[in-house]
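Order as written gives the chain letters A, B, C and D; numbering starts at 1 within each chain.
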Amino acid sequence: MNITQPPADVLLSLNNISLSFGGVKALTDISFDILKGEIRAIIGPNGAGKSSMLNVINGFYHPQQGEVWFDGSIRGPLKPYQIARQGIARTFQNIALFKGMSTLDNLMTGRITKMHANIFWQAIWKGKAEKEELEHRERVEHIIDFLEIQAIRKTPVGRLPYGMQKRVELGRALAAESKLLLLDEPMAGMNVEEKEDMCRFILDVHDQFGTTIALIEHDMGVVMDIADRVVVLDYGKKIGDGYPDEIRNNQNVIDAYLGVAHE
Amino acid sequence: MFYRESGDFKSTYSADQQTFPIKFDRIAVGVILAFAFVVVPFLINDYWEKSILLPFLVWGMAALGLNILTGYCGQVSLGTGGFMAVGAYASYKITTSFPELNMFLVILLSGGVTAFVGILFGLPSLRIKGFYLAVATLAAQFFLVWLFNKVPWFYNYSASGMITVPERTVFGIAITGSNSPPWATYLFCLTFLVVFAFIARNLTRGRIGRSWMAIRDMDIAAEIIGVPPLQAKLSAFAVSSFYIGISGALFFSVYLGAAEPTEAFGIDKSFLVLFMIIIGGLGSIFGSFVGAAFMVLLPVLFKNIMVGGFGWPTDMVQHFIFMLVGGLIMFFLIVEPHGLAQLWRVTKEKLRLWPFPH
Amino acid sequence: MSPDILNTLEVILNGLMAGVMYSLVALGFVLIFKASGIFNYAQGVMALFAALTLVGIQTGQVPFSHLINVMFGTNYHNWSNGINTVAAIILTMCVMVLLAWLVEKIVLRHLVNQEPIILFMATIGLAFFLEGLGDLMWGANIKVLDVGLPSGGSFWLEDVTKEWASEGSEYFGMYIDVLDVWAAGIAIILVVALTIFSQYTKTGRALRAVADDHQAALTVGISLRTIWVVVWSIAGFVALVAGIMWGSKSGIQFSLSLIALKALPVLILGGFTSIPGAIIGGLIIGVGEKLFEFSLGPLIGGATENWFAYVLALMFLMFRPQGLFGDKIIERV
Amino acid sequence: MKLKTLTAATLAASMVLGAGAASADLTFPSLSYRTGPYAPNGIPFADGYADYYTLLNERDGGIGGAKINFIECETGYNTEKGVECYESTKGEGSLVYQPLSTGITYQLIPKATADGIPVHSMGYGRTSAANGKVFSHIFNYPGTYWDAASIIVKHILDQEGGDIKGKNIALVYHNSAYGKEPIRTLEELAKKHGYTLTLLAVDHPGQEQKSQWLQIRRERPDYVLMWGWGVMNQVAIQEAVNIRYPMDHFIGVWWSASENDVIPAGEGANGYKAINFHGVGRDFPVYDDLQKYVVDAGKAAGDGSNLGTVLYNRGMYAAMLASEAARTAQGIHGVAEINASQMRDGMEALKIDQARMAELGLANFGPDINVSCASHGGPGQAAIQQWDAAGKSWTLITDFTSADRDVVDALIAEDSAAFAAENNITPRDC
C-alpha cells in the first residue's frame, strides 16, 4: 500500500472511489486530493454526486471500491463519529442544527469530541467537568464573536432566520477546530449581502485558523473567487480538476453546465 | 411583584452557566427548599405523608427519570412500570438478604440494578426509532412484571407472591414499616429527590446532556459531528432507569410497604408517568415535578373539595374527577402545547416585561 | 392425522380468530393515524363508550339517570323498555358522529400542526374525559349486550374434524367459536367497505390525499376539518363494532376499554399507517402468541401471551425497523 | 409556584374534610369501589354495606343507643387511593375497615395494627391472618381462601363418592397475589387425595382466554376450579359454555359467584357452581325491614334494585358482622361509644349462633360465628351454591361445611410463622 502513500503536504486523498446504492451508481472511480491549507471546491450540476462525495469523506457512506487516505494514514471501516474525532467537521446542505438547543449549546456540542469529563464529575458539576466546561465556553465565545452572533447566544436556533441558522451551523463546524472543514452549499438560498458575509467568514477562517476547507457551491462567481483548486463532477464522474482558470476553459465542464447531450 | 433580571449582569461564564441565572429565582428556590426541609417536617401528619407528599416525591422521581430518557434523549419509553418493579424487587431482595445494610445504600443499589436492566432493554433503541421503540419498552414492561409474578425467588416464596418490606432504620429512626414517623420517611424521600434533581440538572447542562439532546434533535447530524449514538442512547437509558429504579424502590419500601407486580407496577403506571412528563413539559426538570403534581395531587384535591367539601356521592365525584382532569389536560394543551413548564416560562417572560410589554 | 397435529392446527385456527379480534381494535387506530397522524389513545375508551351507548339506547336507559336522581331526588331509570337493535345502532352512530364533531370543534382544530406527541396527549385527555362521561351517563354496572349474534363452539367443524383423527386416538374434533367466525366476516366486510370508500368516493379520495400530505391537500381546497370529522366518525364506527364483538363475550363493562392494549403490538408490527398491516399484524400476533402459549407456555408457567405479543413484534422490528408495511427508512443528510 | 398554590388548596380542602370528624358516634368507614374495572362487583357490595347501617340508624337508632356515622370513600380498587382513603378516614374514630382489595389489605395489615384499628378482610386478603396470635388486629372470618379450596375439594369428594384418586382438577386463576392464594392448599390436598392438579394462569384483565380453554377442552379435566375476578369471570364462564364443559363440574370461588358473572353467558351458564359463605336470595325477614326503612324511605345507597343479589348480601352481611362485633364490644366494656381498640376486643369475642341470626332476621343466612384470640378465621365454613339460569337465581345446594382443618391450619401456622419471623413479631399466647 505504501506505494500509493500520498506526499506529506496532502491532507486527504481519495483513490478510485466508487459508490452505488443498489443498482444506482452515485460515484464512479473518482480520485482527487486536498492539500493542507487549501480551499478546495467541488462543483457540478444537480445530482452530480457532490453531497455523496462529502458523505464518503466523513464516512457516512462507505464506498464499495477505492480507498481514503486522511492525514497520512489509510482509513479503515470507521463510524462517522470516529472520523469526526480524527478531525473532519462539516455543515449540511439543508440545515441540520439541533433545533431544541440554544446557539451556545449547538456550538458547545460542536466541541463534544474534545470534552472528556466522566459522568461522575459531571453529576456533581465540579473539578474536571466545570473546568472543562469553562475553557471550552471560552473558545466557543471566540467563535461567537468571530461570527458576530453574540446577540442570539441564548436563543433556541429553531427560532432563528435561515441566514442566521446557516451561520450558526458554520459556527458549530468551526467549534470542532478540525483539520478539514467540509461545507455543503454554505450559501445556498442566501441573498447577496448574506453571501458576501459568508464568503468573508470562510476566507477569514481560512486565514486565521489556517483550516483546510472543501466546499460545494453552485455560485460559480463565488467558487472562482475563493477556491484554490476546483474539482468538477457530473453524473458521478470526475470531468475536471485544476485551478479555477483551467476549469473555466475546460470544454467538458462547459458542456456539462450548458447541458450538451451526452454521446 | 417585580420580577426583573435587569441589573443582574453576569461577569463570568460560571456565573452565566449557573442553574438559576436570575437572582429572584435563586431566592425563591432557596426559600422553598428551606421550607420543605425545615418547616414541613414539623407540620406533617400521616395523611399529608401518605396521601400527598410521598406520592408526589416518588412520582416526581419517576417523572424525572423518564424525562431524561424521553424528554432529553428523545427515546419514547412505556416500560416505566416494569423498571419501577425492578427497583422495588431489587430493594426487597437486597434488604432481606442483607438486613444490616443502610437503607440509603439499599435504594442506591436498587437504582444500579435497574440501570443495568435498563441498558439491556435499551439495546434495541440503536436500531428501532420513535413510536416503534415503544414496543421494546412495552416488552420490558410486560415481561418484567410477568417474571416477578412467576419466579418465587423474587418474593422469597411467600404464599401469595406479595412482597412486604420489613422494618429498617437509618440512624436509629425507622424509615420503612408501620412504625416509621411521617417526617422521617418524608425527609428520606425528599433528600433523594432534591439531590437527584440537581444531579439531573448538572448532567443535562453538560457534555452528556448535550449529546442526548443532539441525538433527540437530529441523530444523524449528531453522529456526524462526533456524538457516538450507542454511548449517548445507552447512557440515557442507564441514567433514566437508575432514577426510575430509585423511585420504584421508594414507592415500595417507603411509601406503600407492600406490593405485588401486577397491580402496583402495571402498564397504567407507565402511561401515568408518560402523561406526567408530557403535560409537565418534555425536557424540563421543573416540568417533571409540575406534571407529577398535576397527575397525582389534582385528583386528591378535587376529591377533598367535592366529597369533603360539598359531600357529593363518592362515585359521581370520581366520574367528575376523570372528566375534569381530562378536560384540563386538553385545555392546557390548547393554551400551551409544550407543557405547563413552558406555560410558566412564558408567564415569567411576561412578568419581566411587566408593566411595559413593548 | 395424529391428534397433536390437529391440536396444533386448532390452536393456529383460534389464533387467527383472536388475531381478527385484535385487528378490529387496531383498525380504528390506523384510520385516525393515517388521516391525521394522531395516535388516538382514546380508541379503547371510544369502544367502551360506543358499546355503553348502544346498550343504553337498546334497553331504553335514561342517560345521566344517577346524576339526575341525586340532584332532583327523582327516580328515573328507563324511558322505554327497549327498542329495535338496528335503530339503536343507528342512534349510537349519530352519537359517535356528534362526538367526532365535538372533538374536532373543541380540541383538534386548536392543535393543527402540533407535534404528534402533543396530539397524542390531547387524546389522553379525551380518554380520561370519556371514561368519566361514559360511566356518568350509563352507570358503571355490567350490562348484557344482545344484538343477536350467535356464539358457542361450532358443531359442524367438530363433527367434520373428528373423522380426521387417526384410528383409536382420543380426539374430540376441532373447536372454533361461531362468534369469532362472525367477527372475521364482519372484519372482512369492514375492510372491503373502507377500501371501496377510500377508492371510489370523493370524500375517500380527499381522505387519502390528506393522509399523503396535509399541506398539499389544503392547497387543492380540501377542508381538513371536515375530513377529520369524517375520519373520527369512521373510527367511532369501528370502535362500535369492536365494542360489540368484545362486549358480547364479556358483557359491557369498564374493562372493555382495556382491549386497546391488545391492539398495540398489532399496530407496531403492522405499521400505524396500513390497513392491511393491521389485519396481517393482528393475525401474526394472534397465531404467534397462541402457538407460543400452547408449545412453551406450560414449561415456563403460562400466561405468556401479554408479553410474548410484544417480544414477537420486537423480533420483527429488529429486521424491519419500519414495521411490516411501513415504508423503508432511508437516512440522508 | 403552581405547586405551592396547589398544596395550599389541598390543605384548605383537607381542613374542610377534617371538619367532618364526628366524635360521639360509632364511625364505620367504607372503602368502596364504585368506579374502575371492578365497579360492577363493588357497587352492590358497597350498597349492601351502607344500607344495613342505614337500617340500624333508622330502625333501632344505631347500635346500643349510639348513632352510626357512616363515611364512604372511593378507592376504585386502586391501592394508592385506598391508602389515601384510609389515612383520610382513620382520624375520625373509624372502628373497623373493610379494605375490599388484596392490595389495600396488605397495605393496612401493618399500618392498621400500628394504629390499633381492626381490619376485617372478610373472605379475602392475607389468609394466614386467621392466626390471631400473630395478626392481632386482622380478622378474616367467616372463612379464608384456603378454607374455600378445601371445602370445594370436599364437595368434589362428595360428588365422586369419596374417592378422587387419579382425577384431574384444573385451577383457572387470576395471575395475581389473589389468584395464587389457593395453589398451596390445593397441592397439599392433591397429595392427600391423590388427584392431579393443572394450573392455568390468566393474565389481567383476562378478556382473552382462548389458550386456557382450548387446553381444558383437550385435557378434559374432571373438575375446573376458578379463582377469577372482574371481566375474567364473565369471559371464563362464556368460554366454558362455548366448549360445552359440564357446568356443574365448574366451581368458582366466592368472588366468581355473583349474578354479574353468569348472566352475560345466558342459558348456557345453567348449573354453574360457586362457593359462598352466606345465604342467597332475599327471602329473609331483614329484607322486609330494608325495603321498609331504607329503600322505600328513599335512603338506599343504590336504586334498591340489587337487594338480594349475592354481592349485596355479602356487603349487608359484612355490616351485620361489624355491628354485632360493636354490640359485643359495648357489652364487654359497658360503654355505648366504643373506640377502635374496644371494637377489636368485640371482634375477637364475637359469637353469633343461629338463635341470634334469627333475631336479626337472618335465620340460617350464615354459619355460626365464633371468633377467638387464637383463631381470627371464625368457623371457616362455607356452602356451595348453584346457578339456575331460567330462574336467574342462586340456590345453596349444601349446608355450611367446615374445611379440612388439619391441612389448612398447618399451612396457616407455617405462613404466619414466616411473617412473624420476617417482621420480628412475638406471637401472643392465647
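The criterion applied here is as follows: a residue touches a chain if its C-beta (ideal position, glycine included) is under 8 Å from a C-beta of that chain, and two chains touch if they have at least 3 such contacts.
Model, not experiment: these values are computed from the prediction.
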Of the chains present, which has its C-alpha mean closest to the combined C-alpha mean? B
Going by C-alpha centroids, which chain is farthest from subunit D? Tell me that one. A
Pair exhibiting more inter-chain C-beta contacts, B-D or C-D: B-D
What is the distance, in whole Å, between the centres of subunit A and subunit D, each centre taken as the mean of its C-alpha atoms? 73
For subunit C paired with subunit D, centre-to-centre distance based on mean C-alpha positions, whole Å: 35
Take the average of all CA coordinates in subunit A, do the same for subunit C, and state the distance between these two points in whole angstrom. 51
Show the residues in subunit A shared as contacts by 2 or more other chains, in ascending order. 60, 92, 96
Which positions in subunit C touch two or more other chains at once? 135, 140, 301, 303, 306, 333
Quick check: what residues of subunit D touch more than one other chain, meaning two or more? 34-35, 39, 43, 175, 203
Under the definition above, what is the set of subunit C residues touching subunit D in their complex? 7, 10-11, 14-15, 17-18, 21, 69, 73, 75, 77, 135, 140-142, 144, 151-153, 172, 175, 177, 246, 249-251, 253-256, 258-259, 262, 290, 293-294, 297, 301-303, 305-306
Contact set on subunit D toward subunit B in their complex: 1-4, 6-7, 9-10, 13-14, 16-17, 20, 32, 34-35, 39, 43, 72-74, 76, 79-80, 83-84, 87-88, 90-91, 102-103, 106-107, 109-111, 113-114, 126-128, 175-178, 180-181, 184, 203-204, 411, 415, 418-419, 422-424
In the complex, the residues of subunit C that touch subunit B are 39, 66-67, 70, 106-107, 110-111, 114-115, 117-118, 120-122, 124-133, 135-136, 140, 261, 264-265, 268-269, 272, 300-301, 303-304, 306-307, 310-311, 313-314, 317-318, 321-323, 329, 331, 333
Subunit C-facing residues of subunit B, complex: 124, 127-129, 131-132, 134-136, 138-139, 142-143, 145-146, 150, 220-221, 224, 267, 271, 275, 278-279, 282, 312-313, 315-316, 318-330, 333-334, 337-338
For subunit D, which residues count as touching subunit C in their complex? 34-37, 39-40, 43, 175, 199-203, 205, 207-208, 210-212, 214-215, 217-218, 220, 230-231, 234-235, 238, 241-244, 260, 263-264, 266, 268, 298, 303
